[in-house]
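Pasting a structure here, questions to come.
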Amino acid sequence: MIFTRRSLIGSGLAAAGALTLPGIGDPARARPRQGGSIRVAMQSSSTADTLDPAKGAMATDYVRHFCLYSGLTRMEADLRPRPFLAQSIASADRITWNIALRRGVRFSDGRELTSADVVHSLRRHLDPKLGSKVASIAKQFAEVRADGRHGLVIRLTGANADLPAILSQSHFLIVPADEEKPTGNGSGPFRLADFRPGVRTVVTRNPEYWRDGEPYLDRIEIIAIPDEIGRVNALLAGDVQLIIAVQPLSTRRIERSSQHGILTTPSPLYTDLIMRQDQLPTGNADFVAAVKHLIDRPLIKRALFRGYATIGNDQPIPPFHPYYNPAVPQTVLDLDRAKWHVARSGLKGVRLPIYCSPAAAGSVDMASVLQEYGAQAGLEFAVNRMPADGYWSTHWMKHPMSFGNTNPRPTADLVFSQFFRSDAEWNESGWKNPRFDMLLTEARAEADEARRKELYGEMQQLVHDHCGVAIPVFINMLDGHDRRLKGMTAIPLGGLMGYRFAEYAWWDA
Amino acid sequence: MSGSAPHSAMFGVLPLIGKRFASALITLLLVSAVVFTISGLLPGDAAQETLGQSATPEQVAALRHEMGLDRPALTRYFAWLGGIVQGDPGQSLVANLPVREVIAERLPNSLMLAAFTALVSVPLALAIGIASAISRGGRLDRTLNVLTLTAVAVPEFLVATLGVLIFSVKLLWLPSIALVSEDASLWDTVRSCALPVLSLSVVVIAQMARMTRAAVADQLDRPYVEMARLKGVPFRRVVLFHVMPNAVGPIVNAVALSLSYLLGGAIIVETIFNFPGLASLMVNAVTSRDMPLLQACAMIFCAIYLMLVLVADVVAILANPRLRAQ
Amino acid sequence: MSAHVSVRNLRIVAGSKAIVDGVSFEIARGKVLALIGESGSGKTTIALALMGHSRFGATISGEVLLGETRVDQLDEAGLQALRGRRVAYVAQSAASAFNPSRTIMSQVTEPLLVHRLASKADAEVRAVDLFRALALPFPESIGARYPHQLSGGQLQRLMAAMALITRPELVILDEPTTALDVTTQVEVLKAFKAAIASVGATAIYVSHDLAVVAQMADQILVLNQGRTKEQGAAEQILHAPTDDYTRTLMAAASPTERSAPAVVAGDALLKVEGVHAAYGRLPVLHDISLQLARGATLGVIGESGSGKSTLARVIAGLLPRSAGSVRLGGEELPKGIDGRSREQFRRVQLVFQNADTALNPVHTVGQTLARPLAFYHGLKGAEAKAEVARLLDMIRLPADLATRNVRQLSGGQKQRVNLARALAARPDVLLCDEVTSALDTVVGAAILELIDELRRELGIATVFISHDISTVRAFCDQVLVLYGGTAVEQADAAAFARGVHHPYTDLLMHSVPEMRAGWLEQAVTRKAVLPSEVGDDLCRFLPRCPVAIDGRCNAEAAPLRAGDGFALLCHHELQTLRELTA
Amino acid sequence: MNHVFSFARSLPLSGRIGLGLVLFWLAVALVGPLLAPHPVGAFVDQDVFSPVTASFPLGSDYLGRDVLSRLMWGARYTVFLGAGAAMLACLIGTSLALTAAVRGGWVDEVLSRAMDTLISIPSKIFALVMVAAFGSSLGLLLTITAITYVPGNFRIARALAVNVVSLDFVTVAQARGERGLHIALREVLPNMIHPLLADFGLRFVFIVLLLSGLSFLGLGVQPPHADLGSLVRENMSGLVDGAPAIVVPAIAIATLTVGANLLIDSLKPVEKQG
């Protein structure tokens, strides 16, 4: 693994080198061993389950894709990307990037992975007919071309220091160029044994995986149990060995069992209250301020998440993030201040529906909490719980007040540009701040780490002060696992080690 | 008095089947129209749902065209109808597979679950129903009445979860999820189905038992029962050989209705036990706006319902010589 | 010699009410005791007590002795062994006492099989022998049939076969011929008598019909309200009754001729011409014509299935006629219900046979009577109330009955209310369909009297439908005899009494039992002479006619022969008929 | 009040128990919300799934809310929504059944086919589609649950009505010249009341069950309110510990539904009082 100096600067990382990741409760000395077959229960699966990384829409898809395919880079627990299929990734201007591929990597059908496959895998996102989930991100690929059998060049439409991080997402995993649509034939740690959309996926160890000695497990069966209690029961009954998305209320049950453990992943995942700035009465700055002061964050952390959350401050960068700005003052529950804002806004006694849904985790209960305090400050909120089905297309961002839910993004730039830039499609609250937009573009191209942190810090202050989005807490992701399953650590990009547990986990039987 | 011509059971049944077949076709048509209409009220379409939040308008338009969703609703409906008439339910918009294949994967599971449940619940329900009919007004009758009512009223998810807690988590006897696959042995499959079957049975047993009780109690008041007793026929024999043949019509009808519930109504049980059945497939089809799949599921539920009712009627006719000869 | 059956001080209590109280009797081996009484007299209850059975959880006390066995002290197993083996039961309605879902053979042989008295094959042989002895058609194959495929008379005989197959010591016959037509009754009674005699069983015959009892019984016990009224040899009870109640029963059994049949001249009020009707494709009425003047009474007689009730339904419009006309006061009535005016509905009122089903059980008497008052005459409130009271008075019921629910009435009271409801419309034509057949003789006689009185007072024209030829003869100005949907004879009362009759009318008249012992033995059941089927235009009675003429009756339609005040359809000359039916 | 007592005395023991339970839940549904110690959505307990204590007589729920207060509100939804939907279902089903039975012919055929259509669409999936299409509201819930049980009631009511229509007194009414409406309402309907009541009782149970099933699928009464079934559902994680938060609503459902049916079963036709 060779990192050039430019790449170090380009990827915005100060240090290189492998971090040893201590597993939960097992001594660092314990050596991973091979063998073992486990079953994993995810949250949902349906006929839309896919083998195409570009179309991955759910955690179940991501896990499946990371099992079958490899990507150019890989994000580690410290939220820094490392070259993976790429041997090196470098850029001088953060516009044109040169990538050298690892040699001798083979697809499971035996064919060697070459630059043609990578070019195909990146370019296909630009085809609207494919329906790629990251089409809007891929739009910045002005040009992707092969540079010999094992090299390629990517030219971006604008400077972006985060390209290595972007390429670590499951959607940019490499698929063979000679297949019309991906069939599971990849260069990942596992090979496809059985795939039934909506039922299960079975993968078995890839004996010719390009990383020596990996993976450790022989076989993984991926199923989905939508009912959380059913999922926990299945774990406790020994029918599955690993489950995703444990509710905080269930942690007691799992911890009481001597054979099972919880993997807690503090993450930038949040459920936010959206107050549209282009609609009334939510466009009123005092109203927004009042609502932000009506949120009992410690109560939400305690009652809704049983402590498995980090208190948020109405901006999307969590305290454990390298770019977190601790100088932004914490908003707290302050009824007097809220009443003062309500009085100033002239909206006392206003009746307003809040749209929430099980689709946005915890939003229904958050709405109930807000409703309680709103009544004390003279705001009458009506909780409108919508079914998960159709929530995102019909209700999210469509009403003055609704809830959204944002999954962890690999970079600060992505979350800011997708959710907060004035012209972003998902500018949830519809706020417009030219200063913010300017800072965002500047930070993206900025190579100097300290300067970058400064820019992101100011953006956090702007969002906190002016944006119509309230972020009460960052939600920890909780996975439950059999204690014999080792090597599990937190990667804050998602549950199950950022969906990549298959590459790390081993069975200690 | 009729002549001495031999009466063939088929004489009574064949025209009925013919008539039912015709009206079943009409009902199926109605169902397809109703499902198409109400699903048209749903916000969004398959293209939008497939692409999700992040889709660009061009992507949605392209996929819409690919899926044929840019054609007017009526055109799509009749195209679908035309396909059905030729025996082709079309292509699933989301799974990108023929609907036939998607359903072929799930239907056997649903039928198996229903069959197991029927196997367990029907004899039990009959036993309970007959027992309470015989002891009409007695202590046993009253106890069974309260028990069956309670069983109906307890939410299915509570029964299912309690079952899992006791038999899977506590006792480790049964799997907590249904692991139905081709490579599972028959014994594993049966074990896998045990808890789903238990949960479904609780609901349907109560319904069938109550109907059985009513049907048997009704017959027990008939003069022929007294006559049989006065011939010195033991009570057990009276119930089995005299009452049952006459009560079988209404009972089979109740059983048919309950069994039809086992397919579409199993959604909660399918969700809790991760059972790959048709109901969750249909919910899937709703959420992903996969109309051809949704329509096909609705057709299947309807057809099975109609078939069960028809079978019930045929059984009722075969059990009743008066109807048989008509 | 001690009695075969001995009952001492029998008392049967249901709830707090004694249905049977202090009844004692003895029957010698091989003799027949008749239990006589009206409904509610406890006669069936006593009969069932002899098998240790009681309905509705009633308790039996007293002593019931069959030979040496104390039936009242047997446990369930003992009773099971007794029933069907030593004591057998023939129920009133064979149609409902046979299990509709099982073959005749399986039910007839069941007593033998459950008591393990014979193998299945032996049992079937014995059953066929009995079928033959009871003169059933196709004795070899009839066992394979189901109850609904057989006629009432056949079922009743099969029920006897089921009872006698174990050769029981005691047979209990509970009104076994009440539901049958008279012509069938004769055959069934004969078959019973012979079969019981051949088995040598002791029998108890429960009936309300004195004339039938006269044919069957050696001894008679008269019951009223669960108590013995009179008990003795059949001869003595029938011809020299000592008890008043017995005498009342006797009187009601022989209807008195009406004083003066008031033939009212004038234009026909109701005129039916050439009416045909069918249920679906099955024709039921064929070319019926009749005329009825204001205040006149037409009696329609025939067996079940003759189309007599259908005639009433066609006139009322419930069954649209397929051809012909029905005129009321010169005005043609629409075929069916649709299109008839409220006035037309009002003028023709139908009184149904069975008041139990003809009255809506959820309504009170007052509501039942008030509806036609409101519907036809717009009477409401106090006015309606007064009219209801007047109607109740007219049918001899106390006014406070108006608040009572119809379910709480006795059979006779129900039939009166049923009648009063029709009268409330103030009709011109009253169609009475077997209004007395479900009632006890005494009650039925009272209803008849009432109808007759009202008819005279109100001048209502009445169509009186009955299967009972003696009632019709006593009660009507004109008689219409229906057979198979065809009017075979039509006569005014005087001509009908004079005595030239169609062979079918003749058969009906001779089938009515007379109240003398030995009538049954003398009654000749004459066989049909021509083995033939009914052709479309041929005489419908041909298959049963004992005097049919080969080459004519089975070749061409019967001609209409008219005489003084009568007309009939027959190939025989009137003179010949007079001789044949004399 | 006297009426209630004399009515209660006329009932058998099971009927009195049923009447007692029904009256109890009716009272809770009517005045419970007034007596509730805490607002329905108030977060009053630091802990969750508390056992029975003096301050929380029925413990606290999964968010630390007072179970007693939530139950008192929840009973209102279950009792009124359940009874309302059952009544609506029976009203529509029976009206259609009477129409079918009295008119017969093609009317009967069309209605029967329509009911077959409705019955063969799985109710929970139907509810899912409707809620997704129209948004969740009490009115829609009522409509969905009612529509779901119309065909069942129709089948039973039609069978009863066809039987009654074949009786003589209906023929008498026809011969009197009565219109279909009178025949249906005055002659036929009163004779079906008892079995219809029994059916109503059973439908009520099924609707309570369906409502809880809908809460499982995330459809149902709007928070912070919850019907009894939703109370069970939202506190499922307390099941292992037997928390009162789940046990009490489950018992509430059982007593309410069983009580209603015991009462209805004991209402024998009027002749008893004669």
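The letters A, B, C and D name the chains in turn, as written, and every chain counts its residues from 1.
Everything that follows uses one rule, which is that a contact is a pair of C-beta atoms (placed from the backbone, for glycine too) under 8 Å apart; a residue touches a chain by one contact, two chains touch by 3 or more.
Predicted model only: the values in this text are computed from it and were never measured.
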Of all other chains, the one whose Cα centre sits farthest from chain B: C
Pair sharing more residue contacts (C-beta pairs) when C-D is set against B-D: B-D
Chain B and chain C: spacing of chain centres that average the CA atoms, whole Å: 49
Chain B-chain D separation of Cα centroids, rounded to whole Å: 23
Whole-Å separation of chain centres (CA-atom averages), chain A against chain B: 41
Chain B, residues touching no fewer than two other chains: 42-43, 157, 161, 165, 271, 286
Chain C: positions in contact with at least two other chains: none
Per-residue overlap in chain D, given as positions that touch at least 2 other chains: 128, 132, 217, 236, 239-240
Touching chain combinations (by label order): A-B, A-D, B-C, B-D, C-D
Touching residues (chain side chain A, partner chain B) in the complex: 41, 46-48, 55, 57, 128-129, 131-136, 194, 196-200, 223-227, 229-230, 233-234, 236-240, 388-390, 392-394, 426
Of all residues in chain D, those that touch chain B in their complex: 14, 109, 113-114, 116-117, 119-126, 128-130, 132-134, 152, 202, 205-206, 208-209, 212-213, 216-217, 229, 232-233, 236, 239-240, 246, 250, 253-254, 256-258, 261-262, 265
Contact footprint of chain A on chain D as seen in their complex: 39, 41-43, 46, 48, 62-64, 128, 131-132, 135-136, 217-219, 222-224, 236-237, 239-240
Complex interface listing, chain B residues touching chain A: 42-44, 48-56, 58-59, 61-63, 66, 92, 94-95, 97, 102, 105, 157, 161, 164-165, 168-169, 172, 175-177, 179, 181, 271-274, 276, 280-281, 284-288, 290, 293
Residues of chain B touching chain C in the complex: 1-2, 4, 222-224, 226-234, 237, 241-242, 245-246, 319-322, 325
